[in-house]
Each structure stands twice: as structure tokens, then as C-alpha cells.
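Quick one: the structure is below, and I'll ask about it shortly.
Just so it is clear, A, B, C, D and E label the chains in written order, and each chain counts residues from 1 on its own.
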Amino acid sequence: MSLLLRRRFFWEEIDLMSLLDILLLVAALLASGLFVLGRGSFAGWLATVVYGLMLAVLAIAGLALDSGVAFIPSAMSFEILGRNLGWRLDGLGWFFALLTVGAAFFASWYGSGEWGRKQKRMGLQHALLALNVLAMLLLLSSGDLLSLFIGWELVSWAAFAIMTQGGGPAVAAAYRYMIYALAGAMAVFAAIMLVQNVTGGLGFADLQTAISAMSTAQVWVLFILFAAGFGVKMALMPFHLWQAPAYSETPGASSAFLNAVSARMGLFALILVLVKLTGLEALGSLAIPFTFMSAKSALMWVAAITMVVPTFIALMQTDARMLLTWHGIGQGGYMLLGVLVGTSLGTAGGLMHVFNYATYQAALFLAVTAVIHRAGTSDLDELGGLITRMPWTYVTLLMGIIGLAGLPPMNGFVSKWMIYKSLLDGGQPLLLIMAFAATLGTILSVYKLIHNIFLGQLRREHQHLKEAPVSMVLPMLILAGIGFVTGFMPGLALNITDIAQRAIGGDMLPHHLGGVTLATGSLNMLWVVGVLIGAIGAGALIFYLLGNRRYEVHQFDNYAGGHFLSADIRYHFSHEFYPGLARVIGPWYRGSIVRAEQGIGILVNVAGDLWQAVFRVAYTPLYMLLVVVLGLVFTGSWGIVP
Amino acid sequence: MSIPAKLNDVLHEMPGIKVRMMNERRVRVDLSPDTLPALLEILKGRLGYCHLSAISCVDWVQTDQFELVYHVWSHMLKTMVSAHIFISRQPGQFISVYDIHAPAGFFERDIHEMFGVHFEGAPNLNKFILTSWGGPPPMLKSFNTREYVEKTFDWVQYSPDWLKDIEAKGGGID
Amino acid sequence: MSDKLPVIEDQPEICRSVDAGERSVWTRVMNRFADHCRARSLFVLHYCTGCGAIELPPTITSRFDMERVGVSPMVTPRQADILLITGYLSIKTLKRVILSYEQMQSPKYVIGFGSCTINGGMYWNSYATVKRLDQYIPADLFIAGCMPRPEAVQQVLLKLMEDIDAGKANGWQDYYNNYDRYLGNQQALFGESWHTPTDVIAEAKHYGYLADGTMGRHTDLLLKRADYALDRVPEDYPERGKNERRLP
Amino acid sequence: MMSYVADFIFMPLIAFVTGLGLVLMARRVRAKIERRVGPPVLQPIYDIVKLYAKKTQISHGIMHDLSIMMLLGGFITAEIFLPVPGFDGLAGEGDLITLIYIMMVPMLGLALGVGSCANPNGSIGISRALTAMLAYDIPFIIAVTGACMAYGTTNLIEIVQIQQAGGPASWGAATMPLLAFGGLLAVHGMMGKEPFEIYIAPAEIATGPMVEMSGKYMGALFIMQCFQLYTIGVIYTTLFLGGGENWPFFLAKVFAVVFISVAVTNVYGRFKTDTMIRWMWKWPTGIALAGLALVMAN
Amino acid sequence: MRPENYRPVKHPPSHEYELYFGPNHPGIEGNYAIRVRLKGDVIIEAIADGGYLHRGFEKIMEERLWIQNVALVPRICVPDPVPMEETYSRAVEMIGGLEVPVRAQWIRVMLLEMSRICAHLFTFGGNAATIGLYTNMFWGVTMRDYFLDLFEEVTGARIYHMFITPGGVRRDLPEGFLGRLGNLLDELERRMPEFEDLFFESAVVINRASGIGIISQEQALSWGVTGPNLRACDLPIDLRRDDPYLVYPELEFDVVTVEGGDALARMMARRGEVIQSIRILRQIIARLPSIGGAIRSPLPNPLAWNLPVGEAYARTESSKGETAFYIVSDGGPRPYRVHVRGPSSMHAVQVLEKLLIGARIEDIAQIMFSLDACPPEVDR
């Protein structure tokens, strides 16, 4: 601590490396090192250790930020065409950086063992993962709009690179992603140019002055450009089509990483630009003509629709990974909604949901990857009954889905509770009902997930399966364990979100280890979970003490209308798991959503084909380089020429 | 007691047919097996004999023949025609009339199961009732159910006191 | 007729084996209490095995109302206490009845309903029906007649309750204790490949109902089929091809 | 602390005993409508004891056992968070939203246990039960949201106090009748009575989730039924009928809520799943939304 | 262990699964089974599996005397036994050339119609129970029980009456019986509105029963559908009219037809038949006292009763449809061959298998009960 303070003290005079510099340097070294050394079997373990070290550095940084330091600056800065490019890590960025490095830690650990050995080019995957971490850290520590944009682009390209590793359909999905990402980046770029035009600067402060200086129409344009640009990355509702195929086709461990944090970069940028810099009051005063709504409430509704619709699309999926990524899109809506409510409870809830989501989504993806590793498929119609063969994977998946569905005792419940409560206290009953509906849909969908994989009939070809190796089971169990501990003691996670919340500004949420105490109804998870576990213990006592001993029978010793069952009869009910519901919402799904998707999808495909056609003619990276350089030149010159 | 004129005309188109009026609404027809499908076809097409009430099979041991009886009913004429044919017991084969009358599917399956007659072209001759039966087709006269029962099953032996009394007096149920 | 009939040895007397713990007062009291409740809550398996089932709806419904003595129908054998064999049993049905009986939870009771279950009844010379129910599963009570009236059904249920209350209806223990004999009779009828998914011997071992008659030469045949659960798939069933899906 | 211990013991116990009474009432009412005598008074107890006293208890694996524990544990927890006259339990430590979510824990437990039985009938039953939950929970949530907006709190103790402050005129049913009516329809679905009994459906899926439950597993389901009727009745009473001033009145209200449901159920057949969703999303949801609009307008 | 007749589907697609519906299943009528292959909850294929109630009637009847078989025939169809007795007796009478006295004919018609009412009340109850409406079952079965009491009074048995013998009936009616029957019919008519409210006009029932298991007129005729199921396709075909037997030509009744051909129409057709049966019974109550004479034509010693050589095919309109007996006599004391044509042998096998394709799980029981398929008739 004293070291840190001294550093800050010397920072003005001496160009020492700050914690952020160490972090970025280590990340850069790791990425480049892995590109060189990636083929070695130790590469994964090396990366894991380095991520662990980075976590330690982040922890120290967290202590510093918690003690009142506004941000951790970087010694690195560039002068490009008269503009100063700087990086600094504030509380908000630190929070997301912690999740990034943490997810990378578990993904890399998972990939170092047996799973990684089965992969074709695991070394490249490790390297690309490190590259992603580097790009994200750069984005998260950006100090002005220009570095934000550069980080944004880097993250997009790094994610693209890792997405293509799956080959085949993954490449197509990644191209689709790239089209969206570039379109989003252009929108962001245009917005930044707008700010530059008005104020002549590219600092964060310039944005704030720009908004006060702009006309309402201009502010609207700025708002739409930013919301759409960043919304693409976090897959807000009209721009969500790329995410599910792109993330689910990515190879397992990387996919867990991408799912846990990658889309949250969009949320980070949205919070940074719209909430922190613009301010929710400004958004709230931006009224939509002829309606009762403001820009803020419009965005909230978009977030609410993003919760509901993708959740019910997830319900219809027949592939475990697709199901989970669609839920990932839906969960993003909760986070944005919580942050947009603007109360201390809502913001804390939204941020905590980011944390919780990262833990259980990574655990879920790792568990599904373990199933794929053993059974060879994630098709929900071709699995079943694996609980007897892979019990620990089942436990992980079970804890993960309890978190995803937001039921006690997992952490997902706490953050969702806070979001519900903030909506209720904020006078938004309709949004609350939508959030509830999405949660109910999630429960249905995750039960289908766990039922079709682990419960029901064990197929004949899976009779001889074994549990996944320890190198895979341990990371996912630890992730699930984090989910449980922060559910039992949400104060731990709230301490972390406090740092981010302080950076955003506004009131802080008073909380204790067990949750929050409010005048209108409180939550103390220590009691809830304690009593729940105690009561389940009482249930266990009733179960074991009363009645005779249990006797376990074979799965064919089963009621089948008085008939006999045998191994060649397939009786596992898996396809169209909710037929009644499908009849009610199916027509909407098929009629409107699918057609809209198809329309946009065709457009995107056409654009993708054009893009491909351009790129096929010559050396691809050259074109990429050209685009980036031209973009930067354009950025700089616009500032100078007029 | 007279055959409707239309029916009479149609029936006498068939070669070698014997027509007998059983009662006022039932006509018995005896004909050779190969003309039967044609008869059913014509009856159905011209006179509306579209309802196949049943196909009955009789095992005639003495003549070593199966008698197949096709009972068809016309909702138009309100008369039943029972067409009797005799086929050889060995090998016990005939052609299916499923294409003409769909209900034949069940009856032929049943006859196949109970008598072992094979119907060429029947849609489904899988066992239906006697799936756990390993013996000969039980409805054949050569199969003695009583003998089979004595061989296979035991009986409860009980002799109540009242019976003992009677038996002591030389009576009893034997 | 009777000179041709084979004489069957009398069934061994059915009596309840005494657990070691049953001598303590507490266990005795608890057992007494349990028997009291068992007698007053009887679930009948909803399985119409024969034509006698036609008299069950009147017994259950408003006129005779079995529920007022605690008897109600239940759907699956797992939950049922009483297996009512409502009349004749064809061989095909008997297989299902044995399957259902073994899936029921002890204590379980069997009531033979009508003359057909006692000695073949009306269908004594039919090749398709089973003549004596108690050769295949232990029956606790029989109702004579064809068809027994609802009053008779009620009577037999009340009698069964009396027996249960007194701890006398223990046919289910006989099935564990003399499984070999029952299985032998079943095999004689269904062939030697006969087996059910329920592992009666293991269950008897687990709950301590193993007796000398549980295992024997008939149950030895079962051992050959012990692995039926895993891969015993008939030859005509084609092996499903290797999973063609791409491994991600 | 001692008061907590008393709460933890007595609240579930009272719930169970009252639940037995509710089950008995449901069976008696049904018997009366069907013009017969019906079961004896102690029948629910006989059934449960009998099931627990079964000599063999078959299980389909650890998850099957665990589901029974989750089932009982979830409901015991729910009872502790549900304030009744004289016992506040932990209602101050977790609010109405928490309670609604805790009530989903036993459902999830049951679903997992039934799934691990590997019986397609059970799986279909669970699929239907969850679909039904989606159907009835949306109007129910609207009613709950509206009530919470009106009372301005989600703390159940305060909700009761607010209603009792002004006598019956300040009961939720009097101040927001539309919400109360929509909620009542949703509650009927929640109890799983015809026409919304889609997940038991013996003639369709041979009793759905219960299919492989036997012995004490089935006994736990019987106990769950007691808890379920009680919990639903009490939640509705607390939200809309002023909660409990004292035990006689309170029990009368709870029995009345359940009575309405069990009385109408016997003259209906069972809907199909999709019909149930459509109905639930049309009538109770519409009524509750209208009620919510009234609440918001005030 | 696999079921005996099970043929596994080769290479089943991963989205399909199989379900056994019966024999131990409350959604099945009697001891019968259907194996269904499903996708989601929609049936792709249904295979009826019968034979659980097979007693070999046709075989054991060949082993018994003509008169002994009177005791066997009612057991072929449990819910509706009287038409079986009547058809068998009539076939025997045709071979033996026996005349049935007029009074016996009237009594037979009375029993037939009472049995029809019983069977229909039972079916209503069963159909209601498939959708969880147990109240209707409880009331309907109790109502049927009062008819069984009357049967008991006349014949001495509740279910298997063995009352109709070749040549007439066993006994004359007891004193005051017709009055009691009239009272019971009044009671039934008084109760009908209750059943209407509870069942036939219930929105839930109509919602569930309409549109499932639709049989078109062409299909009905070509599939061999008979009885109320055929009349529910708006086809006025009734053996009591078209091929009259006993004293039906003297009685006034309507052939009830209903449009639609779905499960609801079949229920409605049965409801109409109950009302027509009440109408017939009222006419019988009015006219029977005036018809005197014997109740049985004299028979030779039944133990040495040889029928002449011959064959006969007798048909009756039972509550399920067309019941028929084909009997061959070789001149001996026992039948040479008896062939029983149960109406349900069409409905429960071929028709049901076809109707179930495309239906849903929840419709199986309703379709089966609406066809009023009676498994013992199929298995014999």
C-alpha cells in the first residue's frame, strides 16, 4: 500500500512504470510469447500462472482504487497528429479487467489439460486468448475517446481471430460478427467525430462539454450512434443476431471466455459513455417527441426486450451452446436495465450481475465443453442420462443453471433481486414484469438444458463414458463455487462492484456481508441461504430417518404402462420440450422474429460476401492494415484540415 | 324372399356361381376362389356393397379345406351377400382383398393368426393377439385346447367336507 | 375329471419373519402404528386386467364409495398397495402383471378377483388363460364368483384391512422367500428366457428377506441375463453408426 | 435468538398441520360434489404414514433422493419467510420477491428428481408443469407487482400492517379488486386444479411427475401438497385479504381461498397446455394488467 | 426384456421417442395397449397392441354345448353384454329354425335398450375421466348402477345376465318391474340437464373434444366404422332400421346423426341415442303389458340338442356398433365354428391407429374413449 502511494507521489516527476503498465506489459509479453512458444505443452500452464499474477496485480490495484485513488495512470502515451493518446485504469475499467483476467485464468487452466491436448492448434488459441486479454485491457484502460476507439477496434479483431479457430461454420459466423462489429465501430467513430467537430477535442471531458453545447437533434444523433455502436458488441436487441452462432462455434475454453466477458465490453463502453460521461439525467431529459418516453426509458425498453426475446429464442434451441449464448444475450439486458435505473441499488445490481454472469456462464460453458469432450456432441436430442456418468460436470451445470435462472442460493438471485427491487422502487412495474417473464423463460430453458443432457434415459452409446478429467472439472467447479460463495455472501461481490460504482459516480449502495437492508424490504442472503441449507438438511433428516433404507434400481426398472423397457427403445423425451408453449409463442417466433432475422441475415450475408470478395483478391492483412491506417489518418486530418 | 333384380343380374355375370337366398336380406353365394375379388369389386362398384362386415374362416378337416366367407353389406340395397369360397388347407394361401375393403386388413390378420392362412398382399400380418403364443394356430381343429391345458396348467385340488361326505357314501362329481 | 389332475403340494404356511429389532417395545409400537395406518390407506393399482374391472367403477364411485374406508385408485405400480387381478389372466397379461407386481413397493397385497383366478373358472379349458394365479404371484385373498358384486369387493377389502391390521397379510414376504418357486412356475409358462427388469433377489438381500427358497436352480438361469440392461440388444437391431457430427 | 428457534420449529409445523386440514377439506369437498361420503378425518395422515412405512423404497439415484430433500427444504424455508399471526419468522430478512423465488426451489428440485427417474411420462409432466408455471406466474407476478406498488413495500410484515391498519376496507381485495381477482385466478392455476391440472393428467401421461415416486418419495409429495396449499393460501391472504389478525380469522381466510379453488375445480375438465397458456395470458393477465393500470393511475 | 411383438425402429431419428400407452394406463379403455412414436407431443405412428384379454372364445365355444355357450357369450363384451347374447341366440335360432315368441322379443328389445343406456353412461363417464372431469364419471356410473339393479331384478345378475337363450328369454318380468323402469327413466331424464351442464355443454369439454380424431364420411365407410361412430359422421345408418330384427320395426325412434365426425360429434351421437333409447323404453313400457303369450319356444333336452347342419350370420346394433356372429353347425351338439365380429375390432385397431397419427398425447385417451372401443371384443 505504501509502495503504491509513493508511486502516486512520484508519478508526476518520475516516469516509473505504474501497475497498469506492468499489467499491459505482462499481457503484451504473454501474447507475443505465446505466439512464439505456444506449441509447447507448458504454454497453457505458463499462461495460467501469468494470468494468476495479473490477477494479483489487479488485486493490488483494486486495493489502491478502493482506498480512494481515482485512477491508475499509465506512463504510456502517444502524440499522434497533435492528439495525446493516453491510458488510465479507473474503477469501472478495473472491475471489467478483473473479470477479463479472471475468465482468461479459468479458460486457460481448462485448456491446459486434456481438453487442450485434443485440440488441433491449442497453442494458437492460447496466444489469441492472451491477445484478447491485451486488447480488452487496452480498451478498459482507455483515457480518451480516441484510445477508446482504438481499443474497441483491437477487441473486435482479436475476438474475430479467436472465433475463427473453430473452422467451418465458425468462420462464417465470425465473418458475420465482423460485419456487425465494423458497422458498430463506424457508428462509434462517427459519434467521436461529431464530438470532435463540436469541441475540437477527443478527451472524455470534451464529450461532456459537447453535450451541453449541442442542439437536441445533435445529442439525439450522438446518443443513437453511441448506443447502436456499443449496443452491437453487447448484442442489444436489433443488433443481436451475430452473437449466438459466433460465440457458440468458438472452441470450448475460448468460448467460455468470450461468453463471460467479451460482450460485456459493449456494456462497459455504454456505461462509460452514456452513464458516466453523459449522465442519466441528460438521457432522461432527452424526450422522444409525442410520447411519454425519454431516451433513457427507450433504452430501458430496448434492454427489457433484449431480456425477453432472446430468452424465449433460447428456449427453442436444440444445441446446448446455442441455448447458452442466447441466454447470454438476454442476460445482457438485465445488466443494462439495472444500470439504467440509475439508483444506487440498480447500478450495484447491474454491475453485480456482470460479475455473477461471468462466473456462472463460464462454468456452464466449461461444463458443456466437458460433455462435448466426452460424448462428442452438444445436440440436446442426442444426449441424456449422463448424471450417472459425469456427476461433477452435472453439479457444475446444476449450480450454473441455478445461477442463470436466478434462484437462491446462487449469486444470480442476488443481482436479479436487486434489479427487480430497483425497478419496483423506481416505479417501473411493466419492466419488472418483463424481467420476471424472462426469468421464468430462463427457468424453463435451463431445465431443458440439464434434463436433456444429464437426466432421463442414458443412451446405449454413452454407457461407457467417464467423468471429465480433473484439469477440466476443477476450474469449472471453482467457478461454480465462486457463484455459490458470492450468493451466500453477496457483500463480497458488492465490495468489488463498489469500486466500479464509485467510478461511475452517484450514490453508493450501503450493504453488508449478507446483502442490503432497505426500508421497503431487505435481503439477507446469510439468512436465506443458511435457512435453506438448514431446511434441506432437515429434509435430509426426514428422508433418512423416517422410512426404510433406499434401494437403487436400474433405469429400465421403470413404469412404461406395464411394458418392458430395453436398451434399443428410445424413450427419452427431449425434442420440442415445451410443445404447449411452442404452440402459443411458436407462431410469433416463426412469423415475426424469424422473418426479421432472415431479412437482416440475408443483408448481412450479402455484405459478408462482398467483404469476402474484396478480401479474396489480394493479401488480406494488407487491406486490414490499410483500412486502419486510413482511418487513423482520417481521424487526425479531420482535426487539422478544417 | 326374392333376390333384388339388380343383384341377381350382377351375380349371374360371374362364372360358376351358386346363389341361394338365406333369408330376406341375406344371399349366400358359392363361387370359385379366383373369381371372388372380381365379385367383390363389381358388387362394390355397381351396387354399393362397400361395407365388409366380416371375413369368417372355417376349418373343414374332412375335406381338408378352409372355407372363407366374405360378408358384404350394401347400404343401398340393404342386402347382405355372403360369398363362400373354399381353399386348400395345404398350403392355405389366398389373396388379400385389402385393396377393395380396408376392414379386411384386420380380419385377414386375425385369420392368419388363428388359422395360419397366408394372405398375399395383406398390409400387416404381424401377430396381434397371440404374440406370446408358441404353438400351432389355435383355431385349427387339429389343435386340442383341452389337451394343451391339461398338459400346461395345474389345478387347485380341493375337497371340502361336504364333498368328502358324499364321496364316503359312494357319490361324488366324477 | 379329478383323477387326471396332478396333485399340488400345499403351499408352505405364510408367516411373518421376525426382525431382530422387532422385539423392542418401541419397534413393536411403531410397527403396530404403521400396520394401523397401512390398513386404513390402501391404493389400488389402476390396471384392468380382466372383465372384473367393470365392477370397480361402481365400487369406487358414489354408490359404494371406497374412499370412505381409505381405498383409492392409483395409477402406477410404484404407488399402489393392492394389485387387484380382476378376473382371468391371459398369458400375455400375466407377464405384465408380474412386472407390475415386482415394481410395487412392499408391503403389497394381491387380491384374486373372481373364479377365474382361483381355478380358471369359466375358461378352464382355454389355451390362452392362466388357471391359478397363486402359482405365479402370492395372492392374499380371493373373491369367488363371476362376477363378484361391489359388495363382495368391499367385503374383501375390509377383510384385507383386518388382516393387515393384525399383521397377517404377508404374501409379499412369501414372494421374496420363495422366489425360486414362483420364478420356476413363471419360467415353465413363459420359457427360460423370462426375466423382469426388477432384481428381486438383490432387493431381498438389501432388505433382509433372503431365505432358503429365494435362490435356486430357477434363479440361476437369471444370472445369464444379468447384463441385459447394458447391451443385450437383439441381433436384428443394427448398430447405430459412429457419431457423424463434427467435434468442435 | 430463542424466538427464531421457535419460529423455525413452529412455522413449518403449523403449515404442515394446516395443510393436512386443507387437503382433507379438498378431498371432502370433492366427495360432497360427487355425492359420496369421502375420506375419514385422519385419512391424509394415514396416507403419509403408510407411504413412509413402506418396507421397500426404490430410488433412481442420488438426485432422486436429493430432490426430495430440496422439496421439503424449499417449502420449510418458504414457511419461515412467510409471516403468520404471532410468528414473523425471517420475513424481515427476505421480502416477497425472495419468497416467490424460494418457492421455485422445491419445484426445481422436484423437476430434477423426476428427470433423473428416466421416465418419459415424468419428463412430459415436468415439461407441462413448467409451462403451467410460466402461464400462471405471469398474472400472479402482475398482481404481486401491483400490490407491492400500492403498498409501497415488499416487506410482508409491513404489507400486513398496512392492511390491518384500516380494517377490511383497506384490504387489498377492497382497494384493488381487479388485481385481487386476477390473482385469485392465477392462484387457482398455481394449485394445479382443473381446468389447469395439466401436469398431473393421469389419463394422458399417467400422473406425470409422480410416475416413479413411491414410498417415502411419494409421501414427501403428499407433504408437499399440504405445504403448497397452505403457502398459496397464506400468500394470497397476506397480499389481498389483510393477513392474519389472529389465528381463527387467519385460518378462516386461508381455508376460504383454498375452498374457492377446490369447489370450482370439480366441474371442469382439464385444458390442453396451450389452451391453458392462452387462457391465463388472456383473462387473468388482462384483468391484472387493468388492475395494475388503476394502481399506477392512483 | 422386450415386449414379445416389439420391432425396434431402425435408426430412429434423434428427435423421436417412444411411449407405451397401456395396458396399465388410466387413459386406455380396458386392458389394451398402444405403442406410440412421438415427436414432441405429436404422434408420428401408433401401433395397437391387443390380445391381453384373449380367452379363445371361438375355440372354447366349439367345445361346449349350444346352450352352455349362452353363459360364455355375454363375457365377450363386458360393458355391453346383452347384444352378444341376443346375436348368438338369434344366429342359433336361424340355424335351428326356432321362432321367438312376441313377448320374448319385446323383453329382449327392452334389455337391449337398457344395456345400451348403461354402456353409454359408462362411456360418458370414461370420456369425462380422461380429461379429469371425474364428477361426471361418478354421477354417470352411479346412474348406471340403478339400471344394473333393474337388470338384477329381471335376470339375477348385474353384469353377465345369461338371460336371452335361443328361443326366447329365461324368465318373465317380475311384478311391477315396468313401473320401476319408468321411474328410473324419469329420474334419468331429470338428471340429463345436469349431465348437459357438466359435460356436453361444458366449454372445456367442447374445447378439447372438437376437432380431434376427425373421420370423414368416405373414411368412415371405407374403414368399416359402424354404430354411433358412423352416425357421428352424419350417415344415417342403423341396423335397427336397415336390417331390422326383433320388434324394432314396430317401434318409433330416430336414427341420431351428428355432423362433424370428431370426438365431440361421437359423444353427441351417443347422447342422442340415450334419449332415443329412453323413448323406445317408454313405448315398451306402454305396450308390453298388453302383449301376452309365452316367453320361450319349447326346446329339446338342452344336453342332447343337436342343431341341423347349416350356417347363419346374425347382426345386432350394439352400443359400440355392428355386432355379428357367424355360426356353422355340422349337425352336432356343439357349434362347429363360431366367429364373433366385435364392432371394436375395427375401431380399436385400424381406425384408432389411423386417427392417432398427427394427434397429441393428450388426445389419445379421448379419441379411444370417443370411439368407445371395447378391447375384450377385439381380443375375444
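By our rule, contacts are C-beta pairs under 8 Å (C-beta built on N, C-alpha and C of every residue); 3 or more make two chains touch, one makes a residue touch a chain.
What you see is a predicted model, and the numbers here were worked out from it, not measured in a lab.
Chemist: Determine the set of chains touching subunit C that also touch subunit E.
Modeler: The common neighbours are A, B, D.
Chemist: Of the chains shown, whose Cα mean is nearest the mean of all protein Cα atoms?
Modeler: Chain nearest the overall C-alpha centroid, as shown: D.
Chemist: Which chain pair racks up the highest number of C-beta contacts?
Modeler: A-D
Chemist: Which one of the chains is farthest from subunit A, going by Cα centres?
Modeler: Farthest from subunit A by mean C-alpha position: B.
Chemist: By mean C-alpha coordinates, which chain is most distant from subunit D?
Modeler: It is B whose centre lies farthest from that of subunit D.
Chemist: Roughly how far is subunit B from subunit C, going centre to centre by Cα mean, in whole Å?
Modeler: Their C-alpha centroids are separated by 38 Å.
Chemist: Could you work out how far the Cα centre of subunit A sits from that of subunit C, in whole Å?
Modeler: The separation of the two C-alpha centroids amounts to 57 Å.
Chemist: Distance-wise, how many Å sit between the C-alpha centres of subunit A and subunit E, to the nearest whole number?
Modeler: The computed centroid separation for subunit A versus subunit E comes out at 65 Å.
Chemist: How far is the middle of subunit B from the middle of subunit E, if each middle is the mean of its Cα atoms, in Å?
Modeler: A distance of 21 Å separates the two centres.
Chemist: Would you pick out the residues of subunit C that each touch at least 2 other chains?
Modeler: Residues 46-47, 61-63, 75-78, 92, 96, 100, 125-128, 196-197, 203, 207, 228, 234, 237, 240.
Chemist: Using the touch definition from the top, which residues of subunit D touch two or more other chains?
Modeler: Counting only residues that touch two or more other chains, subunit D contributes 34-36, 53-58, 120-121, 124, 202, 206, 211-212, 215, 272-273.
Chemist: Counting only residues that touch at least 2 other chains, which ones in subunit B make the list?
Modeler: As it turns out, subunit B has residues touching two or more other chains at 130-132, 138, 143, 145-146.
Chemist: Let me know each pair of chains that touch one another.
Modeler: Per the contact definition above, the touching pairs are A-C, A-D, A-E, B-C, B-E, C-D, C-E, D-E.
Chemist: Using the touch definition up top, name the residues of subunit D that touch subunit C in the complex.
Modeler: Residue list for subunit D touching subunit C: 27, 31, 34-40, 42-43, 45-47, 49-50, 53-58, 202, 206-207, 210-215, 218.
Chemist: Spell out the part of subunit C that touches subunit A in their complex, as residue ranges.
Modeler: 47, 76-78, 96, 99-100, 103, 196-199, 202-203, 206-207, 228-234, 237, 240, 243, 245-248
Chemist: Show me the residue ranges of subunit E that touch subunit A in the complex, using the header's touch definition.
Modeler: 1-3, 6, 8, 12, 14-25, 28, 33, 35, 39-42, 360
Chemist: Looking at the complex, which residues from subunit C come into contact with subunit B?
Modeler: 1-8, 91-92, 95, 118-120, 124-128, 130-132, 135, 189-191
Chemist: Which positions of subunit D touch subunit E when the two form their complex?
Modeler: Residues of subunit D touching subunit E: 33-36, 120-121, 124, 194-195, 197, 200-206, 266-273, 275.
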